[in-house]
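Shared chain: subunit A. Partners: subunit B in the first complex, subunit C in the second.
Right, the complex of A and B next:
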């Protein structure tokens, strides 16, 4: 019985892993094997494709831009979601239910539909061709889900904890910072990592709002490798490794908090 | 707690400060600055344009050109957004396949006057290419300075042909025989790779009209000729290659997947595409293993080829530095630079003064194009619906033909009806 259970667990898991990891393996094979090789293992190893994308195609600059946009979006989304989520969880105000429904509705609007209106707004604000436009657009698109997650999480923290802090002489802000914020770590990690990864992977905004080669981000750089008359699979795979690495590292560090944060935020308070 | 919050706040401020720095434009030192959009950017094309721009800046020290590379798949959307929302470039490379859309939005300035006043360019362009450029738009003006055109090419494995003692086919009958002989599924070798996914229709039309020898896309009454019985027979033969002489996965083949099979996996003997993929094949396989042959003749002896899109550079009417923009467009079309661009990208130059050392595949394509016996079937790039019909509507149905779920006749009848209706609408609008 015990053996049968193991079999039932590990075989499907193994198959799923195989299905998931084979594309990654092929990406590594193409990234590390020499041009013209048809070997199914990346041997002899070459770094020529990485040199091509990093130095020749400007991925060093794209990477820096993506990192800046990702970090700024992370900070902006987390701070605003924290403040807004607290208000939604702790205060009763007129139109709160309608506000929540409105936020949910924004999730049904594809980003592509908003491109021209956003473009005109950013142009009026002289923000086109600036990385600020990406940060603002990303933050705005990430906020609804982040607000819902954070407010759900705060609702699960007993209000009495804060009230006890007030009785001890804390102001509302001090009580929040000293008592609530430390308990929100899983939620902050979940929201921050989602904001970072989403903005790291976003292609459309970076392509549409930026008109300067030195300000493009990694996903735009990857798309250069797919032309009608030119496909460099080695460079494409090397670019894919560069693009995937930060996301993999972020997930490796935060996955413990992520599951905790998502499940806690999903429970109705 | 404070110790954790404070460094995070500093990090945020530092990141935002860095962003602010990135948001400002660098000064151009009193020079006129213009922007050039390369709408098919990539590792092989970007350095070519950048070299041409460097040459221009050397010849025109008061003008600075900012190069912006746009991936080809998103270029139409990027251009449309820029036209609708503002922020168009001064100059961009534009193909006749997308020209009608830009002209309909009044985005480009005509270049006829500039060409006629420039002795270095007047009378220097291939007339057939100029005609293609003018036919695309209703007012018959020239909206791009033509740089090059492409031609259909069949890339083949020289080494496999040599092994099998085969010669590149001259007629379509020979083509089908050769492809069949080179198919050895047990060795994972296929005689052909058929384009069943994105971009399938242009290649299908090339094979169909090439076999039938029909030379007009519309007859005198404006009816599409695509469902002529000779074309139906030709499509049946072409679709018959699927799974017999091609891999089954070809149903989803786009350019990337075709190249992956031909260049990287090395499992295909003949791949239909155009001259533009030369660099990819040479880089992957080397000149000893790959060469091209032109579209074979019909069995009746007619050489019918499709008109290929003409590539060129357009000057945007909303640009602020038109004089500098026109100068750049004219510079790209000049003998030396056009020759350089055509040579490096592996296409046929529009400037007839361009001579010199051209690769064998270009010489062969030029021979076919300049042969008086060659019939050029003019593709209806002037129809605004053409892209939608051939991509959104026709591509899934073509897959059904390959799968045997739709007959070639039914498919071509429906396609002909769509094209005839679009042509009638165009005639009604523009006379």
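Right, the complex of A and C next:
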């Protein structure tokens, strides 16, 4: 819509920005101001709460665990979805249509309600209380959407480009690596960062599959802080900042690609 | 061969577990009371339908929660997408900022809003200092306000989902259409109703469906923010399942609840897609 007046943009936008940013600001105030202060600016600035959560409450370990699970899920999701997405885009095979429909249906499977059977499976595989159970669960739940996104992208890349590479003597794999992969960068950024953010944020699987405090992830540690009877609000806020930082940074970088990636790949199916 | 890993992963960890959910739902299976375990037939389902008021209560709350959240998120998300689709100074930064809660987890949302709602640390204390309201307001503990307090927190991180998806779709509307309509003297409202909305139709249908399912299933926020309370007032069906599984270890009954929830969702999705004539551009 063209021709909206200035104030018609800035007034609602300003109000919405306030709604978005005040909660973040509130967290920062509590994380950085000294214990017992009631000031509404984080000044004088202190890092005592970060010391408490990072060293005293074990967030250093939780952070490492979350990072490991996040990166492993990112790699696993991207590689598996890349292979599957290529097959879906370039080969005709029996049951392909059924497979596509099946993938859409998985979107209706209540992830939260799968904890019981998944728990049983991981018990059989002796993977309970292991971070790998989280990697597997995360990857599987990320796969359908990632496959759809990546195969949509590959379909938009002209097949002739690849065929030209074969004529020049490239193998199928080399042709893919040299021609298709570089063009897929926006899709890979979207899929990879989706996978990372989701697994970084996932709470329920980590809560249900992990008992050992040494293996807690950041959200579980954060929930623990919330559950304490006398909540240390400074520590809660500092833990929140630790939980927010990686995803907010990743998100700030990718949100442009996200909008582009979605309008290019997903909707056309 | 390339698709094998995807297929194996999804068969093993999505399809097989779904099957075993149905199997367990027909069993008495309680980790805490193993002596009662065995085939139960449809008994779990009978209990659930006729003897468990909490099932109906949590189902009712789930429906109310999903409808209120999805409608408000859609309206605000659409408005936001339209605003940040205009060209103005500071657009890139504004987009990054207003979309950012999308990346935040349910638990973190809870942590932030607990700080905001707490009578000692929250907004209300500072508003009371200014004489704007009374001291001691605790929106999460008060049965009259807990619903809207939770709704607001979930809106905060939910609106960006719609805004991002709809903005992506808005960018593919042809500019010529608007210009032609403007030349013909169509008002902005008419251009919105006759060009923008029809274009967004499929994106709106798909995003509301995905979001409804997601809001129905997601438990992170309510689990940590209210724990389903006070007095089970904010217990959704999946939250009830999680509590049955985690606290009472009654896996048989919990999987029966799961099966019912899955059937409801599938039924809803099919009916919704049929009624909305998804994919049939007029």
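Basically, the second predicted complex is superposed on the first by the 262 of 269 C-alpha atoms of A that agree within 3 Å, B and C clash if a C-alpha of one lies under 4 Å from a C-alpha of the other, contacts with A are read in each partner's own complex, and residues count from 1 in each chain.
Going forward, a contact is a pair of C-beta atoms (placed from the backbone, for glycine too) under 8 Å apart; a residue touches a chain by one contact, two chains touch by 3 or more.
Just so we're clear, the structure is a prediction, and the values are computed from it rather than from any experiment.
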item	value
Touching partner for A:69 - first (subunit B), second (subunit C), both, neither	first
Partner chain in contact with A:213 - subunit B first, subunit C second, else both or neither	first
Partner chain in contact with A:116 - subunit B first, subunit C second, else both or neither	both
Touched partner set for A:226, first subunit B, second subunit C, both or neither	both
Which partner, subunit B or subunit C, touches more subunit A residues	C
Partner chain in contact with A:36 - subunit B first, subunit C second, else both or neither	first
Partner chain in contact with A:144 - subunit B first, subunit C second, else both or neither	second
Touched partner set for A:160, first subunit B, second subunit C, both or neither	neither
Subunit A residues contacted in one complex by subunit B, in the other by subunit C	115-116, 120, 207-208, 223, 225-226, 231, 233
Of all residues in subunit A, those that touch subunit B in their complex	35-36, 38, 52, 56-57, 65, 68-69, 71-72, 75, 79, 115-116, 119-120, 123, 127-132, 135, 177-178, 181-182, 207-208, 211-213, 215, 220, 223-233, 235
Contact footprint of subunit C on subunit A as seen in their complex	1-4, 6, 9-10, 12-13, 16-17, 19-21, 23-24, 26-27, 30, 40, 80-81, 83-84, 86-88, 91, 93, 99, 102-103, 105-118, 120-121, 136-137, 139-141, 143-144, 147, 197, 200-204, 207-208, 219, 222-223, 225-226, 231, 233, 236-237, 239-240, 243-244, 247-248, 250-252, 255-256, 258-260, 262-263, 266-267
Sites on subunit B touched by subunit A in the complex	1, 5, 8, 11-12, 15-16, 18-20, 22-23, 25, 35, 40-46, 66-74, 77-78, 81-82, 84-87, 89, 199, 255-256, 259-260, 264-266, 274, 276-277, 279-280, 283-286, 345
In the complex with subunit A, residue positions of subunit C that touch it	1-3, 5-7, 9-10, 12-14, 16-18, 20-21, 24, 76, 79-80, 82-86, 88, 92, 94-108, 110-116, 118, 121, 123, 126, 156, 164-165, 167-169, 171-172, 178-179, 182, 188, 191-192, 196, 202-203, 210, 213, 216-220, 223-224, 238, 241-242, 245-246, 251, 254-255, 257-258, 261-262, 265-266, 269
